[in-house]
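The following blocks contain the structures, represented as structure tokens.
Each of the next two complexes has chain A plus one more chain, namely chain B in the first and chain C in the second.
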Partner chain A sequence: MTIVLQQVINGVVLGSLYVLVALGLTLVYGVLVQINFAHADVVTLGAFSAYFFIHGAGGGYVASIAVAFAVGAALGWLMNAAIFAPLRERGNELLPLIATIGVSVMLENAMLAVFGPIPYAFDSPLSNDVIRFAGTFITLQNVLIIAVSVATIALLYAFMKFTFLGKALRAVSQDRETAGLMGIDPDRLVMLTFVIASALAGMAGAMLGPVLVLTPFAGTSVIVKAFAIVIIGGFGNVEGTILAGLMVGLIESYTTQYLGPGMIDIVVFALLLVMLAVRPTGLIAEKREENV
Partner chain B sequence: MSSLDAAQPARVLVTRRLAFLAAVVAIALLPLVFTDTYWRTNLIVCAINVMLAIGLDFVLGYAGQLNLGQSAFYGLGAYASTLLIMRLGVPFWIAFAAAVAFAGAAGIVLSLFAMRLRGHYLAVASLGFAVITYQVLLNWISLTQGPLGIYAIPPPPALALPGLPAIGFRNLANLFYLVAGCALLSYALLDQLIRSPIGEALTAIREDEVSAAALGINGAAWKVFAFGVGSAVAGAAGCFYAAFVGTLVPDAFFITESFTILAMVVVGGMGTLIGPVWGAILLTLLPEVLRGIGDLRLVVYGAALTLVVLFMPGGIAQAARLVLARLRPERQPELLR
Partner chain C sequence: MTLRLRSRTVVAIATGLIATFAVAGAHADDKVIKIGALLPISGPGSYFGVQDKQGIELAVEHLNKAGVNGYKLEVKYEDSACSPLPATQAAKRLLEQFKPDVVLGEECSDATLAIMPVIEEAKVPLLNAGSSAIKITDPGNPWTFRIMPNEVMQGVDIANNAYKRLNARTAVLLHENTNAGIGNANVFNETFTKLGGKILADIGFGRDVNDFTAIATRIAGLGAVDVIPTYTLEGQGLKITQALMQAGVTKGGDGKAIQLGTIWLPFGFEQKAGKAALGYIRIVQFDPLDQRPLVRDFVTAFKAKYNQGPTHLNAHAYDQIILIADVVKRGATNAQQIRDALAATKSFSGVTGSVAFDKTNQNTSMDTIHYMETLPDLSWKPLGWN
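Right after this comes the complex of A and B.
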């Protein structure tokens, strides 16, 4: 029983980090109908910038999360300006996807050249403080992860629902042309979406750092699951993504417990392929016609 | 173009036959020019990559389906043939045929998803397929020996033609002739398919599936066909890879390999068959020529992929057409494909 409960905690921690990463993918898909493969590398670079902020500049761990957030935001702006904005006029849906695969391969191997293949020991000072409860334990680090994720998701939700920019953003993702006619500048909102999405990914990287083995390829293992999550949840749908992210986190922790860590990707992607075959619109379907 | 072959000017047909002949001559001469092991090894890698690239181009460039699972079909071909040979003692060429059929069948299974999915969804589904295949190769240790790998895989058996000395494939020049010959054969086969009405059906699906359906083209059936053919070619490349390298580890078929093959197709020019051939050769040899960049090989691939998409989406093939059109304005670029 305690094992089951313990794995719920582990799953929720992992799941909330996956949600942060996957939300970025789903937000970008919402406004652009594009997948950003290099999103993975924003996660990795977020983790590395937090690591070097702590170990190089002597900063604190909580502050390093903010640094990773800022680094992610800057990367998002850069990627939109360099790749997505110039390719948008061409109207080919595969070209930007292929370009981001290129960017991702380039960034990962450039990081490999700079940081080397040996994993970095990214220790959070909060990992040593353990709270025990009913036979289970949870580290302060994990409490922080859950708290920051919940707060961020709540803020994002409030932003989307109640602010003018958030409403404009949703308008653009529903119908870009009509939104343009209403005086909304779609290009600026697309950029805003990229900045938000990448900032979330960078922040997730800083919190994943102590959980993952920090290498230049750390983001890749997360991003393939994030792809699975956005499809299981329904591409472009925020609620579905949150649900699917937590689900995948739980599946991962139970798979590790009962089947072994080697089976994680197999179980997650088998679920993905089953979803694609049975219900390709995802758990919560967005009203789109082009997807499937 | 394609089904109008008979109506094409005789000059174009002659040009195509001359190009084929030139390729045969080039393949025959290359190992004689490059006699050391290092360059002959590179030549064989080039030939294997050419097969992988044209196989993917058939699916991506012609049928317009972004398949990120090419590394999986490559790996399935390699492991299927090797396991048949080493575990069951099946003769090489029978194992080869079985592995090609197996990889093709796997492609057909994936295409069953492609029938319902488009664009990004297919990209992620095929990526998922590649991830699952890699993890299965890594974790099914009783079958594949997982990360420890399979060692001492024999090269293809020597060919004994009557009246001639046996042609052994431990000799790298002979192995190159075998692999390059198969690459050329695959090219000729795909070229014929593309120039037949099948090619037109595939490009029609690529351009607009609904309009294609209105013309009576069964999109689902042709996608299944394209995936089957493209992945069978990758499976054949996998058989040669295993026999050439002599060692199999799952890491050779990680999803990065799919991205590498994608880079070859895009840099060469998707939607032309000759482009990816040059793309594969260029991206295989470039890191070797620029010595000392070792670790940066994939940085070059990534940069090339991004820059080509941004500035020359038709790749080398488009660049070559532009140059030729400028040099000989009287000939229509269309005929130079």
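Right after this comes the complex of A and C.
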């Protein structure tokens, strides 16, 4: 029973991390119907920003999360302003998609050149503080991961539902042209989407840093799962993404316990195929234009 | 005017030609041993490549000052990425473009196994220092030589020491799902079981696994575990060690289990793992405290060049180059002669230890293996088991 409960805790922590990464992906897809392959590298850069804020500038871990958030936001703005927006203006949907791959490869190799290939030991001071109760354990780092994920989801939900910008963003995702006729500037809203999505990715990097093996390839190792989560949850569906993230986290934990970690990818991607075959709209089926 | 211009042009062309021939002549006079290096420069095993390159460059710089039997050593690096496909492509590129007399590499067994047939076909000797899979030298390939103790030599030794010196009776095996990971774990399993020990779980995982909390939880639920032999690269190794501490399995987390590690981990692992590494026992391929003059000179030269102490990866790469220099001194100057001279090597002494190749081109010396235990201040205590 203790093991079952412990794996629930492990699964929720892992799922929370996946949700943090996948939320940005799903936001961009929901608004632009575009997959952002560079998202993984923003996660990695967020992790490195947090690391160097702590080890280079002597900052604290919690403050480093804010730094990673800001770095992610700035990078999102820069990528969209310099690359994706000009390409979108040409009217070819394929160009920005391919550009995200180019940006990803460029960022990865730039990080390799700057940070080197040797893994960094990104230790959060909270990783060594372990809370033990009823035979189970959780580190303070993992408590923070869950808390930040819940807070992020709540804030994002409130932003989307109750603020003018959030409503405008949903309007752009439903019908970009009509939203434009209503006085909304779609380009600014697309920029906002990239900034929010990349800020979330940067923050996810800071949360993942102590969990991941921190190298310039760190984000790549979680992004495939994040893509799977976005698909299982329903392309661009935020609620579906949250549900799918937690589900994949729990599946990973229980697969490790009862089948072995070597089976994780088989089980997760079998689920993905089943979802595509049986329920291609995802866990929470809505019309795409209502997803964000 | 025209004549003057023409004269100037002729002079310029003549000067250029003389200079070109002079340079070409100088190159033609240089006798060179071409060494191809297939190293992981990218990917999760890239720390091998970075550190290998340091060792290689130190040795080459030192040897080229005076030359080796009238020859200079020239090294060309290719990124083999610790993975079979990029390694094979890199090997083909190296053989076609650089035409080496000898090749160094790879570090990861899967990559080494993949490049062996390509290099054998080109009839160029391959000198390996970091791969442990038994298949590399069993049944043996006439063109592949291995300095490092193979997985059987390492695994049998670790299992024997775990059972006899640590009185371990139960073990959990943790390994990446690669030829080397599975092979090392299997050897430990067979030896430990034969001695009377019990394997409680054999847990393999892919290189894409990041979070080891679920694995540590599973191990914590297995009851009393004495030792946990672990076969992974550094990045995953760090996360495993920390997860085992958090789950209260190992000494760092007030548990009783002792993690056993291999040559795969670089120096500095303990400092990165922190408190979680307490009690970790692992083998290293190079003892920086070795008092032989060869080792002291190497340590001094390395510190002077890189402003840090050498690791065992630096050391085994250094040994690869000085072993090649040794066979060149013995008169070998082309691929066939280098192969034959390597095969005849019985008493080479390097900074990691000695080399004596058997019929399968496996180094039979075990003096490169040193057992170290991590103390609370994260320093090492040499256990002197070999």
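One rule holds for everything that comes next: the second predicted complex is superposed on the first by the 286 of 292 C-alpha atoms of A that agree within 3 Å, B and C clash if a C-alpha of one lies under 4 Å from a C-alpha of the other, contacts with A are read in each partner's own complex, and residues count from 1 in each chain.
Here is the rule we use: a residue touches a chain if its C-beta (ideal position, glycine included) is under 8 Å from a C-beta of that chain, and two chains touch if they have at least 3 such contacts.
Bear in mind that the values here come from a model prediction, so they are computed numbers and not experimental data.
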Fit-or-clash call for chain B and chain C when the two complexes are aligned on chain A: clash
First (chain B), second (chain C), both or neither touched by A:Glu93: first
First (chain B), second (chain C), both or neither touched by A:Ala121: second
Contacts of A:Met106 with chain B and chain C, given as first, second, both or neither: first
First, second, both or neither for A:Gly262, with chain B first and chain C second: both
First (chain B), second (chain C), both or neither touched by A:Val8: neither
Partner chain in contact with A:Arg132 - chain B first, chain C second, else both or neither: second
Segment of chain C intruding into chain B (one of 37-45, 109-117 or 361-369): 109-117
Contacts on chain A seen with chain B and repeated with chain C across the two complexes: 112, 224, 262, 265
In the complex, chain A residues that touch chain B: 29, 33-35, 83, 86-87, 90, 92-99, 101-110, 112-113, 224, 227-228, 231, 235, 262-263, 265-266, 269-270, 272-273, 276-277, 280, 290-292
Residue ranges of chain C touching chain A (in the complex, touch as defined): 41-44, 46-47, 49-50, 177, 203-206, 208-211, 213-215, 217-218, 220-221, 234-236, 238-239, 242, 245-248, 253, 271-275
Residue ranges of chain A touching chain C (in the complex, touch as defined): 2-3, 6-7, 10-11, 13-14, 17, 112, 116-119, 121, 123, 127-128, 130, 132, 137, 139, 142, 208, 211-215, 217, 221-222, 224, 252-253, 256-257, 260-262, 264-265
Touching residues on chain B, where the partner in the complex is chain A: 64, 66, 112-113, 116-121, 123-125, 127-129, 131-132, 135-136, 138-139, 255-256, 259, 262-263, 266, 295-299, 301-307, 309-310, 313
